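Notes for the one structure printed next.
Letters A, B, C, D, E and F mark the chains as written, and numbering starts fresh at 1 in each.
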Amino acid sequence: MKLSARNQIKGKVKQLSHGPVSTEVIIELAPGIEITSIITTASAREMAITQGQEAYAIIKASHVMLGVRE
Amino acid sequence: MKLSARNQIKGKVKQLSHGPVSTEVIIELAPGIEITSIITTASAREMAITQGQEAYAIIKASHVMLGVRE
Amino acid sequence: MKLSARNQIKGKVKQLSHGPVSTEVIIELAPGIEITSIITTASAREMAITQGQEAYAIIKASHVMLGVRE
Amino acid sequence: MKLSARNQIKGKVKQLSHGPVSTEVIIELAPGIEITSIITTASAREMAITQGQEAYAIIKASHVMLGVRE
Amino acid sequence: MKLSARNQIKGKVKQLSHGPVSTEVIIELAPGIEITSIITTASAREMAITQGQEAYAIIKASHVMLGVRE
Amino acid sequence: MKLSARNQIKGKVKQLSHGPVSTEVIIELAPGIEITSIITTASAREMAITQGQEAYAIIKASHVMLGVRE
């Protein structure tokens, strides 16, 4: 599947924390650069996500805010 | 300001494209790792964002989807 | 790519309206059921989306609101 | 209430899964076409959503990603 | 329509800026408290939004980030 | 940090409800005007958010929907 999302960044699953409805997944993009994702626990189970696995962080450009140090 | 967003990733503004209402900003997080952000042109002007500037990509964890190669 | 998004709904591209930064795409899921998507014009160009083409509307469950008639 | 959301799609509540903070609701738009929504459990309780009930899936166009089979 | 969104805040349309695809709308919730919304220009036209009109800012709780001064 | 978010609205933390993964925070912007936010419980703990504390509700303009009474 080719996606419209501007951001499809490859990394590795570093950590998983399951709740009853939501699951937190930390993806390491490069040493010291991580992205945290919250997905449904149902999705995490279906995708059988495991630590160490290659995964993509997919983010619509309109969901990325910018910050600048003052 | 300390933010609740799990993702506050430092990078450099690589490219800017202004539209009348929306502006696309590409931030380089590390060599070969980029994030694209769409913000309002009003914000881009107020923040006086310029190419080469240090900037943070700020993303709520609930806005990050996961993808896995089949 | 296998995605965490709960919603990956197949349809056909019915209409495209390009702006300088954003593009509006209408996808027909079934006769009389449509979903409208706003993506970056850069993505629309790269994906070479054309009218009549098969396409998927991909939506995180946390971005779907519920409404009930009173 | 008239809403700005491009997507206000009528369906029927097919399934509900309550967590302590979040609730997953599956809406059937047409036979074989479903949308999953995550709302707060507080909202689900206040709206008294029940299985079989008519409900609308409401989605901002900027939250809909596009995918195309390669 | 009764909505699942935790946030449905009444205000007045203070300003409108139309682009070809997106429109920026500023809603005044109370003196000195404003919310800016980006909707599709198609929606703004269909809703015939005008300055001074009563309007609601509708926001899913999962789209609200928290900030605290350091 | 200066943010691109059009909406950075000051208020006071009125109520907190912790789940295992998600936490609901109600911020009072002015008497009778509240915004509810869902953040990760990890963030709520790290920020040490407490009732009565000053806090900002930060919302991207593209995440604000408009509603008008019919």
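The working rule: a contact is a pair of C-beta atoms (placed from the backbone, for glycine too) under 8 Å apart; a residue touches a chain by one contact, two chains touch by 3 or more.
Note that the structure is a prediction, hence the values are computed from the model and not measured.
Undergrad: If you list every residue number at the subunit D and subunit F contact, are more than half found on both copies (same) or fewer than half (different)?
TA: Different, since under half the interface numbering is common to both chains.
Undergrad: Distance between subunit B and subunit F based on Cα centroids, please, to the nearest Å.
TA: 21
Undergrad: Taking each chain's centre as the mean of its CA atoms, how far is subunit A from subunit D in angstrom?
TA: Taking the average C-alpha coordinate of subunit A and of subunit D, the gap between them is 23 Å.
Undergrad: Name the residues of subunit E that each touch 2 or more other chains.
TA: If we look for residues of subunit E contacting two or more partner chains, we find 1-6, 19-22, 24, 36-40, 42-43, 47, 56, 58, 60-63, 65-69.
Undergrad: Mind listing each pair of touching chains for me?
TA: Result of the pairwise touch check is A-B, A-C, A-D, A-F, B-C, B-E, B-F, C-D, C-E, D-E, D-F, E-F.
Undergrad: Which residues, counting only subunit E, touch subunit B once they are in their complex?
TA: Touching subunit B from subunit E are residues 17-24, 36, 38, 62-63, 65-70.
Undergrad: Can you name the residues of subunit C that touch subunit D in the complex?
TA: 3, 5-9, 24-25, 27, 29-30, 33, 35-39, 43, 47, 49, 53-69
Undergrad: What does subunit F use to touch subunit B in their complex?
TA: 1-6, 37-40, 42-44, 47, 56, 58, 60-62
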